[in-house]
Amino acid sequence: MATLHTVNKSPFQAGALSSCLAHIKEGDTVLMIEDGIYGALTGTGFSDKVQASGAKICVLGPDVSARGIDTAHILASVETVDYDGFVDLAAASARVQAWL
Amino acid sequence: MSETVKKFLYVNRRAPYGTIYAQEALEVVLIGAAFDQDVSMAFLDDGVFQLTKGQDTKGIGLKNFSPTFRALGDYEVTKLYVERESLEERGLSLDDLQDIQYEDEDDDWAEKPSIRLISRAEMADVMADQDVVLSF
Amino acid sequence: MKFGIVVNEGPYTHQASDTAYNFAKSALSKGHEIARVFFYHDGVNVGTRLSIPPQDDRQIQEQWSALAKDHGVDLVICIAAAQRRGLLDENEATRQGKDANNIAEGFRISGLGQLIEMGIQCDRTITFGD
Amino acid sequence: MKFGIVVNEGPYTHQASDTAYNFAKSALSKGHEIARVFFYHDGVNVGTRLSIPPQDDRQIQEQWSALAKDHGVDLVICIAAAQRRGLLDENEATRQGKDANNIAEGFRISGLGQLIEMGIQCDRTITFGD
Amino acid sequence: MSETVKKFLYVNRRAPYGTIYAQEALEVVLIGAAFDQDVSMAFLDDGVFQLTKGQDTKGIGLKNFSPTFRALGDYEVTKLYVERESLEERGLSLDDLQDIQYEDEDDDWAEKPSIRLISRAEMADVMADQDVVLSF
Amino acid sequence: MATLHTVNKSPFQAGALSSCLAHIKEGDTVLMIEDGIYGALTGTGFSDKVQASGAKICVLGPDVSARGIDTAHILASVETVDYDGFVDLAAASARVQAWL
């Protein structure tokens, strides 16, 4: 069973997202939460890497709204979930790994 | 309280909400406004995210402090320097930021934009021109 | 499903305890069990009853205390981390000769073994930190 | 020369308060003045008298209290930041209806104006944070 | 305390001393050792800095906790996975790290190195093989 | 008069050093403290940038020793100072800017 990876830091400020993406396995899911949601932005130096990751990438919607990031700025391949969706993802994975 | 007028720069390099630094920085700026110093704010790196429009924090349960930026003009905090390169690297433009205005008392109270979009080199000039630099 | 939650950062300073709380609320509403929340590192500061947040802001400690009361969630503060940071219950205060304590209702102080035990007994352990 | 110091992070969790302390000690020994140390953000937690660090570790709060006593350094804790985080003096506790307080000797609680005033009056303001 | 044996991984991605996470992670590992679980530690990114030899904290006034790593073998914590790429990116090699040994009870108590230098891809395999992942 | 810039974060973990180096002026000094001292390492992706910065670069010696970094791993162009040296640098600069 696969892993749910959570990333809660901005990729511009910390290496968490890059390190996470370098350690995921096929079938894993990456959920961007808190300041981690900036990893889902279009038009940044991380956008291509995120799209090419091979993993399912999700963002926590309430954190996107809080930060005033228009959905037009979120990569189309990224799925938006709420806290219920976060719980479902955690329950559906074998383990949750936090990239702090 | 003091006759000295110093140049104060509040440097904002962090995103809002993930940590409290942005919000508590703003609290310092509001209090500091009473001291009649020469105040500027710098927004660079992830600090530019603080100024986005349309912030809605209901879903995360935190207090939305972004409207406070629009009140800064009333406190005579009118110089909000935003670094262009920081915005661009994040896929954002001035259109994604709040429209923050102040009334210019030296120009018949004309409404003027508080946000001054400057280059990285100009930001370095602004930083080098200060007496006190407070980083958040 | 049985969840265990680790909270590593202090209230208000970092969003970690808020996200953990929202996760816990959702999990409970979906019928899952939150077997324990373990507060480590600065997370121990969530459990102080002396905080006075602005009235128009969320009351983080009260939210957690209510979760313990309403859903029987076990809120455990790590004793070693708490001692370094000045979070004490009455017992600890007396034992250490301190003249006050500051733990809030619904929280209890215990050892790191409770974290390991949580990891063993829960189906999923999930960490919220910096 | 007159220095003002800002400490933004909590004790033990982050090295900021240690570096600030070592800086202050050096400055004093070189004949400079430390006009004030302003504790902001989680830095307010440095001023709790309830911490019980391991005996073989440095005693951060006691180091600062001694600096205040021996050199008259003004240790100011920001009231707004302190209220959020549960750091209270007797006055505040009474005024807010709290049954305990936890401030340590040599520290005082005051407003953010003290930070601005420090910046105005000191030759150099230097920040230690995360 | 429990008959279940789970695979626990303690993930260390941060440098020592600047923040307390490394030290408090080690405290968890020591306590956790009493529970007879299958324990591994991962050191990657700045976490590899935790294992350098010759740490001397007298000048900064903090407690030097690095000798504790050498005691881990006595607690039957014998799998310290260190990511080669993380070391190399930081200009370091195995020679810069402490020599951490354990006595292998299944091999006539022969002394063996606890540090296992692995590639980034192997680290991903280690991570994917766990029941509980605790990050510091 | 010039600025003393302090950097207290590892360049591998945070953008502080890069951002600092992109904003310094001629005559400025950069002092690496706490986890910032890793910015003075030889043989990393930051070494060249630090050497080519044009600024005077210093590290806080007690923080280097604490972290067990052999002086052989510290860039030759970087000057090591102690807390007294830190105070002198602060006194000799017009302002101190912390890159947190």
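Per-chain residue numbering starts at 1, and chain names A, B, C, D, E and F are given in the order in which the chains are listed.
The rule we apply is simple: contacts are C-beta pairs under 8 Å (C-beta built on N, C-alpha and C of every residue); 3 or more make two chains touch, one makes a residue touch a chain.
No experiment lies behind these values; they were computed from the predicted model shown.
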{"item": "Chains touching both subunit A and subunit B", "value": "C, F"}
{"item": "Pair of chains joined by more contacts [C-beta pairs], B-D or B-F", "value": "B-D"}
{"item": "Chain whose average C-alpha position is farthest from subunit C's own", "value": "F"}
{"item": "Same or different residue numbers at the subunit C/subunit D copy interface, by half rule", "value": "same"}
{"item": "Of all other chains, the one whose Cα centre sits farthest from subunit D", "value": "A"}
{"item": "Rounded Å distance, subunit A centre to subunit E centre (Cα mean)", "value": "27"}
{"item": "Computed distance of Cα centres, subunit F from subunit D, in Å", "value": "26"}
{"item": "Touching two or more other chains - residues of subunit E", "value": "17-20, 45, 60, 62, 131-133, 135-136"}
{"item": "Multi-chain contact residues (two or more partners), subunit A", "value": "8, 12-13, 15, 34-35, 62, 82, 95-96, 98, 100"}
{"item": "Numbers and ranges of subunit D residues touching at least 2 other chains", "value": "12-13, 15, 19, 22, 41, 54, 125, 127, 129-130"}
{"item": "Touching pairs - complete list by chain label", "value": "A-B, A-C, A-E, A-F, B-C, B-D, B-F, C-D, C-E, D-E, D-F, E-F"}
{"item": "Of all residues in subunit B, those that touch subunit D in their complex", "value": "1-2, 4, 6, 8, 20-21, 24, 27-28, 31-32, 34-35, 37, 131-136"}
{"item": "Contacting residues of subunit C [partner subunit D, same complex]", "value": "10-13, 41-42, 45, 48-54, 83-88, 92-93, 96, 98, 100-102"}
{"item": "Partner subunit B, residues of subunit C touching it in the complex", "value": "12-15, 18-19, 21-22, 54, 56-58, 130"}
{"item": "Partner subunit F, residues of subunit D touching it in the complex", "value": "1, 3, 8, 15-16, 19, 22-23, 25-27, 29-30, 32, 123-130"}
{"item": "In the complex with subunit A, residue positions of subunit F that touch it", "value": "12-15"}
